[in-house]
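So, here come the structures, one by one.
In the two complexes that follow, chain A is the common piece, with chain B as its partner first and chain C second.
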Partner chain A sequence: MTSTVSSYDILWKWSPAIVLAALVAFFTIINPNFLSLANFARMSIAATPALLVALGVTFIIIMGSIDLSMEGIVSTTAVVFGWLFLALGGRLAEGWAWVALPAAILTGAVFGYVNGLVHVKLSIPSFMSSLAMGFVGTGIAVLMTSGERIRIEDDVFRALLLERFFGFPLMAYVGLAAVLLAWFIQRKTTLGRNFYAVGGGEHLAHASGLNVRRVRVLGFTLAGMFYAAAALLAVARLGIAEANTGSNYMFVSITSVVVGGTTLLGGSGGVWNTVAGVLIVNVISNGMVVAGLPRYLQDGVLGLLVIIAVVLSTDRKSISFVK
Partner chain B sequence: MLEFRKVEKSFPGVRALKGVDFQVGRGEIIGLVGENGAGKSTLMKVLYGSYQHDGGEILIDGKATRFANPRAAMIAGIGMVFQEQSLLPNLSVMENIFLGFETQFSRFGVIDWKKMAAAARRQLDKVHLDIDPKVITARLSFAQRQMVELAKVLTLEERVDGQLVILLDEPTSVLSMDETQLLFKLIRELRSRASFIFVSHRLDEVIEIADRIYVMKDGEVVATMASAGAQVEQIQQKMVGRDISVEYYREDKQLPRSQEVLVELQGLCSTGHYDDISFKLHRGEVLSLVGVEGSGGEAILRSLFGLAQPTSGSLRIKGKPVAGHSAARAVASGMGYIPRERKIEGIVDGMSVFENITLSQLGKYSRAGVLRVGAEKVTAAQWMARLAIKAPSVHANAGKLSGGNQQKVVIAKWRSGGSDIILLDHPTRGVDIGAKEGIYEVIREMCADGCGVVIMADTLEEAIGLSHTILVLKDKRIRHRFDCTPGSKPLPFDLVHQMT
Partner chain C sequence: METELENENAFIKTFIEQEVSNRRHFLLASAAGLAGVAALGMGFPAMAAGPAQRLPMAWSYRDRSNPYWNEVVSGGEAFVESLGMKKGDLVHLINNGSSEKSLADIKAFLAKTGGKCAIACDPNDAPNARPVVESVAKAGAFVSTIWNKTDDLHPWDFGDNWVSHMTWSDVEPAEKTARILLNAMGGKGAIVGIGGIPANGPAIERRKGLMKALKDFPNVQLLDYQPADWSTQKANEVMQGFLTRFGDKITGVFSANDSMAYGILEALRAEGKKLPVVAYDGNPQAVDLVMKGELLATCFTNPPWAGGISAALAYHAAIGTFKPSKEPKAHREFYGPTILITQKDAQAFKKKYQSGSIPKYDWTDFWSPTTGPIRA
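Right after this comes the complex of A and B.
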C-alpha cells in the first residue's frame, strides 16, 4: 500500500485556480470591460476586507470548528477604532491617534480570546458560542454609537483607499501582506501545524501531549485579530465606522473558504484555497454586475455556489451520512 | 451449499482475489486464516455484498448469484457479525436487532414496541443472553454486544427459507477466554441451522472450532486442511510461506535491565478501573500487564499517561512525585503512549509522515513558534531509515500506510522526541506477522537504548517472549508477578492459571 500523487490529485489541488481562470474568461466574453485594470481595482476594494475575514475563519475551519462571530467583532472593533481615533485627535499623522490602530487589533484579539474561552471552557459547540458572541459584539457596537455613524475623514488613513500604486489601492497591498502572514502562520509555525493536528484528529493531538484547548483558544484569538484588521480596511473604504460595518461578512467569508476547497470537516485546505475562494466569489459577484444581472438574483447564485462547492469538496464515499 | 469458483476481484493496481475456490457445506464450520492483506476481508466482503466480484462465479445451492448490496446478501441468508461492532450505542438492544426490518412490527408506520420486545427476547434466548431488550446498547459489555450482534444476524432464520451462512470476523478479539468458550458452545449448538465462516488471527481457536481450514496468502487459497490434527506451526508456515521459528521473539537477544527506576507506582487506585497497583519500571525493562479484557491494564496505562486521573495512591516518574498529572506533563517527563486504536489516537490521517513524527515535540523544532521544517524532515528521514518504515517519502500521507508502518511512525514520534518511558497498548494488534517481527526488534532496540517499556501484549506468547517482568491482573488487581528473564520464562499455562 503505497501512496502516489495521481494526476487526479494534482487536478484536484489546482481546481480552484482552474475554476477562477474559467470564470474570468467567461465574463470577459460576455463583457470585454470585465478584463480591465479599473474593474480589477474596483474588485480588490470590495474583496480585501472580506479576504481578511475569510483568512481568519480559515484557521478555525481547519481546526474542524466554525466561527460565526465575525460580524459582531468587525462592528465592535470598527466602532472602538473610530471612537478612539477621533478622541485622540482624529489625524493619523499627528499626536496619538495612531494608537487606535493597535488598540483595534487588540480589541479583536480580546474578543476572539473570550469567544474561544466560552467555546472551550463551557464546552459549547463553536457555532453556537461564536454566533452568540457575534450578537454580543453587534450589541456593544450599537450601545457605543447609539446607532450613529462615526465619520473618519483623515486623508492619511483614507490613503488606504485613495492612494494607488500600479492602479491598485494601498489596501489591496495590505491584503496581500495579510495573505503572506497567514500563509506563514499556517506553514511555518507550531500554531499552524497544531490547527491541522486538531482538525485531523483531536483525540490524537491530545494523546500526543498537545494542549488542544489552548490551541483552540489561540485559534479564535488569531481569527479575532484578522477580523479587526478587516474592520480597519472596511472603515477606510467607506470612511464610516458604525454598528453596521460588519454586516454581510459572515456569509461571504464562509462561502469563500468553502468554495476554495477547505472542507468543513477540518484538517485540510488552507490559506491559498481561501485566496482562490475569495477571488472566485468576487469575480462572480462583480461579473454578475458587469453582465447586468439583477441584484436580487445575485445572492441566490452565491447560495447555489456554496452547495456546489461543498458537494465537490466532500469525499462522499468516505462519509455516507452527515448530520 | 455455498461455493466460490475461480472468483476474481481487482482494485486499481491490486489483484485482491486471484481465482479463489472456496466451499462451505451444510452445517459446516469453516476457519479462514491468513496474514493481513491476504484477501480474507475482500473474500468476506464479496460474499456479503459489500463488493461485487469481477470474475468467476458464486453459487448458492448450485445457482449462480451476485449480491448488489449487503441487504440482498441478507435476504439470501448470509449474515455478517462484524469485527468492529456494528451496533448503534444510542439505541436499545431491540431497536438494534431489528434495525432496517422494523416494518414487521409496525402498522401505518407506528411501531408496536411490545411486539418488538417479545420478538427481541426470542432472539436473545437463542444466544442465551438474559438482558432486557429495552436496555440501551451502550450499557452492555463488549462480550454482551458481541452476543447481541449474533442474535441480530440470527433474525435471518425467520426471514429466510433456506440455510444460513454466518460470517464471524474476529469475533473473539474482544472476548475473554470464558466468553470465547461460551461463543464456541453456541456456534456448535447453532450448526444445525447454519454454516459458519470463522475468521481469526488466533489459530488455536480456529483449530478448536472449525471443521476445515482455508489458508489464504496474497489473494489465493494456498492450503485447505481438516482441522483435526492440524498444528498451529503448520498453519503459520502456510500463511507466511516460510518457517517461523518458535523462538521468533528471540529471547536470546533479550538484555538484562538496569537498576535505575523510571516509574514507581504505590497503591494506585482508580475506582471501578483498578485497585492497589504497585510496581517499579526500570531502564531497559519490558514490563507486561496481562489479563483478560477489562481487568484494568488499559486503565492503568491511561492513568500513567495522564489521560485519566487515579483516585488515590502515589506515582513517581524518575524519582519525582507526580500530582495533577496530564498528557502534556507526561510527554514533558519523557513518556510516550502508543494506543490500541491507531486511527483515533495514533496517527493523524491526512498529515504527512514527518508531520506525524514531530507532532509531539514541535517545541524542539521551532524558535519563537516558527518551525524549522528542514530540521523536522532530517529527523523524520533518519527515523524512517532506522525503523525501516516503508513509505514513498517523508511527505507521504501517514494515513495511507499499512498498519505495521503506521505503528512504526508512532514509535518514531516518541523515540525521536527522546521519550524513554514507552507505554504500548497492543502494539501488534491487527499487524501481520512480518511486521510484528519488525516491531519486536524495535522494542528490543528501545530497551538496549535505556528505555523502559510497559506493554499490554496481544498474546501470552508475545508477553512471555518480550518481557522481563509480567504482572498478571485479575479483577482489577495484581494477582501475580512473574520474573521473566531468559531461562526462567513461565509457560502460557502458568499465566492463564493466574488470569482465570
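Right after this comes the complex of A and C.
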C-alpha cells in the first residue's frame, strides 16, 4: 500500500458496513419491528454459531486456501459433546459433565489438524481435502448417532440461550468474546501475521524462511477449534446434537466471509470483515421473513451479493486470467 | 508420469478384479440359496405347512442408510422372520434412486427364481411402475408396490400378479392435525405455518390439509406460510422472523413435520413463550414431546408395518392363501395407515409402536390398518 489512499479504497474498506446499514434501513422501512431489541436478540441467536464458523474459515481464506470441512466438523464435535455430556451425567453444574466442553474443542482441533495434514502432506488442494474430511466428519456423526438426535436439556448449559443480559442471550456475549479472541490472534500473534504472509505470497514467505506447511496445518487446527466452539453454541441454541447439526454452515460461513470483503485470493480482509459479512447475511435472512418477502428468494439474493462482493474485492487488472 | 500411469492402471485392474470376484461371491451365494429353495420348494403349493414354504422374497427400495427406508425394510425382515426364516433370507434390491437399476434388479431376481418368488417394491418413480409390474406378470411372479405408480395403472388390470399398491395421502391427516390445533385455539386467533421443501410432494399435501381445515374456521387467520425445507435450524430462524413480524398476534403454529417443530419450540422457548404447535411424522422424540404437552399432536405412518405387509401380501398371494383377483378394488389399491397422536393416546402409542423393537403384527391381517381406496 502506498500512502496515496484513494477515495475508492476508503469506500471499499467501509463498503460492508455501508451495505449493512442500507439493509437495516431497508427492512426497517418495510417493517419497523425489524429495528427492535427483541429482533436483534433473535438475530444474534441465529448468527452466533455461524459467526464462529465464519471466524474459523476466515484464517484459512486469508491464507489463500479454502476449508469446506466445517459441516462435518461441527456435526462430529456436536455429537461427541452431546454423547460425552450425557455419559458424564448430563448436568453441567454437577460432576464431570463439564469435561465434554474441552473434549469437544479438542476433537475439533484434532479434526482440523488431520485436515491440515491431509492437505499439506498429501499435497491435495485444500478445497478437495477439506471437502473430503467434511464428508468423513458427517459420516462419523451418522455412525455415532445412527440418525438419532441427542437431546441436551440441562438448564445450566442451555443458559447460553435462555439467560439474558441487557436483552441479549449469553451466547451473543460468547460470540463477542470469540471475535475479540480471533482479532487478537490476527493482530497480535506471529501465527496471525503469518497467515497474511502465506496468503500474500507463499513463495516469498517460504523464501524468507517461513515454514509455510506448519502455518497451514496450524491454521486448519485453529479453524477446527472455532468450528467446535460453533458446534457447542449450535447445540445450546436448539438443545439437539445430531448428524445434521452442521448442515447449512458451509454456505452461510463462506458467503459471510466473502460478502464481508475478505478476498478468496488470500492476503487481505480479516476478522471485522467477517463480522460485517455474518451480520449482512443474517440481516437478509431475518429481514426477508420480517418483511414478508418469499423465503425462496433469499438464496438468490445471497448468491447475487457474493458475485458483487467478489467482483468488487478483486483487482481484476492484476490477474491475467481466471481458472 | 509413466509410473503414475502404470500405478493407475494397476489400481483399475485390481479394482475390476475385486468387483468381479465380489460379483462371483454374490452369484455363488445366491445360487446356493436358490438350490436350497429349489430343494425345499419342489411343488410348493402341495406343502402347505412348516418351514417348507421358503419362497424367495425380495424388497426393492432406494437406500438403507435413509431412516425411513431402514424402518420399511426392517418391517420386511420382521415378516420374513415370522415365517421361521432368517432375516438374511430377504433379498435386498437396492436401487440407490435409479429406476433403471430397480427394473434390472427385479428382472434379474425373476430370472434367477424362474418367476417363483414374491417381491415388494417401491418402483422409485411413477413411470417405472409399468415395466416393473409387466415383467413380474410375464414371469408369473407376485409383486406388491408402494408409493410410486401412474394414475392410469391399476393392480386389477394385471390379474393376480400385481397384488396391491399402497400409498399415503398426507392431505387428510394434515387436515386432522390442523383441526386439533384450531380447536385447541378455541376456533379463533391467528396462526403461522412452516412448511417443507416447496416442490416436495408431502410438503404440498400437508399444506393443502391445513388450508382445508382453515375453511371451517373463519375466525382463525393464517398470517403467513413459509418453507423451512424440513430443517430444524431453518424453522428456528423462520419462527424468529415470524415473532418479530407478528409478535403476540400469533396464537398457534402449524409445522409440516416433527424436525421443524423442534426448531419452532426452541424459538418460542428462547422468548419464554408457549404456543400450541402441531407436527407430523410421529418420530419417537416428537411423541415424547406430545406426552409432555409441549407438542399438541403429530401423525405416524407406520413404515415398518408398510414394509412387512407389502412383503406379506405378495407372499400370501404367491402361496395361494388368497386370490387377489377375487378381492374388491379397495383391497388392491389403498392408502397406508396414519395414526394421530395426541396427549391422551401418546402413552399407549409409545408402548405399542415405539418401545424398542418392531411390535408383533399379525401379517395376515392385510387391510384393517389401511385407510381406504386411493382416489385419483
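In the analysis below, the second predicted complex is superposed on the first by the 319 of 323 C-alpha atoms of A that agree within 3 Å, B and C clash if a C-alpha of one lies under 4 Å from a C-alpha of the other, contacts with A are read in each partner's own complex, and residues count from 1 in each chain.
The criterion applied here is as follows: contacts are C-beta pairs under 8 Å (C-beta built on N, C-alpha and C of every residue); 3 or more make two chains touch, one makes a residue touch a chain.
Fair warning: this is a prediction, and the values are worked out from it, not measured in the lab.
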item	value
Simultaneous placement of chain C and chain B on chain A, clash or fit	fit
Which superposed partner A:Ser7 touches (first chain B, second chain C, both, neither)	neither
A:Asn33 touches, of chain B and chain C: first, second, both or neither?	second
Which superposed partner A:Leu204 touches (first chain B, second chain C, both, neither)	first
Touched partner set for A:Ser123, first chain B, second chain C, both or neither	neither
Contacts of A:Leu162 with chain B and chain C, given as first, second, both or neither	second
Greater chain A contact set [chain C / chain B]	C
Chain B versus chain C as contact partner of A:Arg193, first or second or both or neither	first
Minimum distance between Cα atoms of chain B and chain C in the superposition (Å)	15
Residue ranges of chain A touching chain C (in the complex, touch as defined)	31, 33-34, 36, 38-39, 42-43, 45-46, 142, 147, 149, 151, 161-162, 169, 234, 237-240, 244, 247-248, 285-286, 288-292, 294-296
Residue ranges of chain C touching chain A (in the complex, touch as defined)	65, 67, 70, 198, 224, 226-228, 231-234, 236-238, 240-245, 247, 262-263, 266-267, 269-271, 285
Sites on chain A touched by chain B in the complex	1-4, 187-194, 196-197, 200-201, 203-211, 267-268
Residues on chain B engaged by chain A in the complex (per definition of touch)	37, 305, 307, 327-328, 330-332, 337, 339, 344-351, 355, 359-360, 362-363, 366, 369-371, 373, 390-392, 396-397, 400-402, 413
